[in-house]
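Once you scroll down, you'll see the structures, which are given as structure tokens.
Below, subunit A partners subunit B and then partners subunit C, in two separate complexes.
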Partner chain A sequence: MYGRTASQLLRELDIADSDNLQAFNSDTCDQVIAECENHHLMLQSLIRKLEGEQLDIQTARNEDHFGAVTHHLSLLRNKRCLMAYMYNRAEVIRSLRWKVGAKLPEEIQEKLSFSEKEYFKNHSAAIESSMSELDLDLTVDMVPPKDPYIQVRVLDDIGDNLSLGDHSFSLTKNSVHSVRRTDAEQYISQGLMEEFFA
Partner chain B sequence: MVSTAAGATSSGAGLEGEEGESIWGEDDASIAETTDVELLKRAWRNEKAAPEILLFEAGLVQRAREQIQLLEETVEDFVENGTDDLIVSLYQMDLDRSLFLLRSYLRVRLQKIEKYMFHISRTDLWNRLSEQEKKFSKRCVNAMEKHLEQSVLSRLPYGYQSILKQSISSEEDDMVPEPKLDTFVFCKSKGAVGAFQLDDVGDEIVDLVSDDLYVLRYKSIKGLVEGGRIDLV
Partner chain C sequence: MANYYNIDDILMEEEPITSIFQVRANGVGLLDPGSESNCVEAGAKVDLPLWLAHELHLRQAVAIGVPPCFSQRTRKEVQADAACVDLRSRCPYFYELGCKIFPLVGDKSIGPFLLYTFTSRYKEILSKSHSAPVSTSPKYLPRLTQEETQLFKAAQWSIASFRKWRVGGSRLEKASILGRKRKPAAAQLPPAG
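Up next is the complex of A and B:
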């Protein structure tokens, strides 16, 4: 059935919840693009046939006309599905820039296509240049602040004598510190610290 | 207790001629509506709740940034002078809150531009962006176009390669995601707007009383939001 392969792409989007990416399905994409090519060939041959019979394409209402319309609409449908697939994935990829940061972890990287990785890089660059023009980091402060200081637990050895704000800390694994929230946020989003609730 | 203290410090740092007791004693509400922090909070709330991008509050953002800088300097001075830790942390708190508001406001806008980049760059919504947001929007569009071009569009047959149209036979740009303007929003009017016609036909008329909460379609009160007569919550 025409358009079925393309709809599988959308089903894939639907299965993964909004924050989760599945691996880029390049096989199915290739299949759908090949299908488009096929529709186009059929469409052209039907149009040529109509023209060969000296019929006006706009007004002729025979089986070849409706065949051509079917191929045209199937092609459109395939295109919409492909674009929706790419576009929605791109939306998730953009949101990762805000949530995770400029460097994506390996397990996410491997789910992206080459072009998607490039998109992430380019879009990241757009956000970064925008923030540097503003001279304000917009990726911190994602939730309204309750207290200027928070307790954090260090999840991985980050370093000795690191200065956070006005003080320096020795951030060794499993140590607990009371630090300024804004200073800790970057480490939290990288998964190197977590907020500690005693 | 903390929040009043934070509010008082911000208005003190923000506007000239306001001095503690006398003003807070008189009329809290009217003062609260005129400080830049309150104005920023309102702009931020409206921006968060509106489905489409609103006019950039250039002057307000500029003032907020100056005040934040001032606060930062104050906090630094306090730290150097060894002022009481409690006072410092209250000021720090106020600073953090203002910074959050500013960051969140700018962030919400950038994320809206990301979401509706094609729509915004093709309509007069474009004029609502700041210069720097326009640049961002252009770069967004470029990156997105390149990505879609190389992964899908260039591989489709001739006549089906447009990013804005489904095919060359489409008369309008029918592939551009647009904000849903008929979505419902919560809103509250500041002053009495009076009888307000919700649709073009004039079947539905609502009497907007001041300070009452309404749930209405965004597109019907769009003009009131833009004119600053009603606030989204």
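Up next is the complex of A and C:
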């Protein structure tokens, strides 16, 4: 059926919830594009046939016209599916900058296509330049803070002698520190620390 | 909901609609598996996806029938006990499809029927979503349509957020996209194969 392959792309997006990105499905995209080219060829040949019969394309309502209309509609449908696939992925990719940070871990990187990686890079740069203009880090304090300092437990060896704010810490696994909330936030969202409750 | 990029809207338009061609159409033999030449004859009965059936109907090329999920039989079942009817297997986008299809087929009774179905199922959805534990609700969920599932999830999420707010606890969390894998070190392992 026309447009079936293209809808598979969106079904894939639908199954994975919005928090979960799947690898870019370039195979199916290529199939849909090939299908579009087929529709285009059919459309052209039907239009040529109409013209060959000296009929006005605007007003003729014969069997060739309805064939051409069907192919035209299928083209529009495939276009909509492809656009929606890109658009909805782009939305997730933009949100990554806020949730994960400027540097994406390997496991997410490999799910993006080349142009999506470029998109993320450019989007991230745009946010950064906007933030440096404002002189304000917009990505911290996503949850309104109660206290400027929090207790954190380190979940993985991050490094010795890392300076967070005014002090330097040796962030070894399972150690507990009291740090400035804004400094810890990026590590928590990357899954390297967790908030610690005594 | 009708947004160009909306996933649910696009998937809803994929629902098959029984259509009867009023005219001959050339070069679209794929639509009718029974046709031998590459064209569809007038009078051929074909299942078209809604997006195609809708547009062709506007051009008076096809006549479309009422989908089976709005048949008298379904209506009787809904009247008997709306909450127990498995609507998803009939049509995952039951309500949206109903709203789209009724101006096309000119069946005015579909509107009140949708409203009746929704109001009688709504209470059940809400009470189950608030009482059922977050991890298990498999028996009831497969019967819901896509729209109802979204409602169910929203209700469940709101009750979970409320509980979290009441007990307090960590408000800073790891980005959910990173999944359950705790150690990024696992990603550094050489890829298998």
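Here is the rule we use: the second predicted complex is superposed on the first by the 198 of 198 C-alpha atoms of A that agree within 3 Å, B and C clash if a C-alpha of one lies under 4 Å from a C-alpha of the other, contacts with A are read in each partner's own complex, and residues count from 1 in each chain.
Just so it is clear, a residue touches a chain if its C-beta (ideal position, glycine included) is under 8 Å from a C-beta of that chain, and two chains touch if they have at least 3 such contacts.
All values reported here derive from a predicted model rather than from experimental measurement.
Applying the stated contact rule after C-alpha superposition, one finds that A:I108 touches subunit C and leaves subunit B untouched. Within the superposed three-chain model, A:P148 lies in touch with subunit B and out of touch with subunit C [touch as defined at top]. Applying the stated contact rule after C-alpha superposition, one finds that A:I33 touches subunit B and leaves subunit C untouched. Of the two partner chains, subunit C is the only one that A:Y2 touches; subunit B does not reach it.
Look at A:A125: by the touch rule set out above, it reaches subunit B but stays clear of subunit C.
Of the two partner chains placed by superposition, subunit B and subunit C are both touched by A:R80. On subunit A, the surface touched by subunit B in one complex and the surface touched by subunit C in the other have residues 80, 83, 87 in common.
Interface residues of subunit A facing subunit C in the complex, by the touch rule stated above, are 1-4, 7, 10-11, 13-14, 19-21, 42, 45-46, 49, 61-64, 66-71, 73-74, 77, 80-81, 83-84, 87-88, 92, 96, 99-100, 105-108, 143, 150, 155-156, 184-185, 188-192, 194-195, 197.
By the touch criterion given at the top, residues 29, 33, 36-37, 39-40, 72, 75-76, 79-80, 82-83, 86-87, 90-91, 94, 98, 113, 115-116, 118-119, 122-123, 125-127, 129-130, 133-134, 136-138, 140-141, 144-145, 147-149, 166, 181-182 of subunit A touch subunit B in their complex.
Subunit C meets subunit A in the complex at residues 4-8, 10-11, 14, 23-28, 30-31, 39, 49, 51-52, 55-56, 59, 61, 169-179, 181-185, 187-188. By the touch criterion given at the top, residues 79, 89, 92-93, 96-97, 99-100, 102-104, 106-107, 110-111, 114-115, 132-133, 135-136, 139-140, 142-144, 146-148, 150-152, 155-157, 160, 166-167, 169, 175, 177 of subunit B touch subunit A in their complex.
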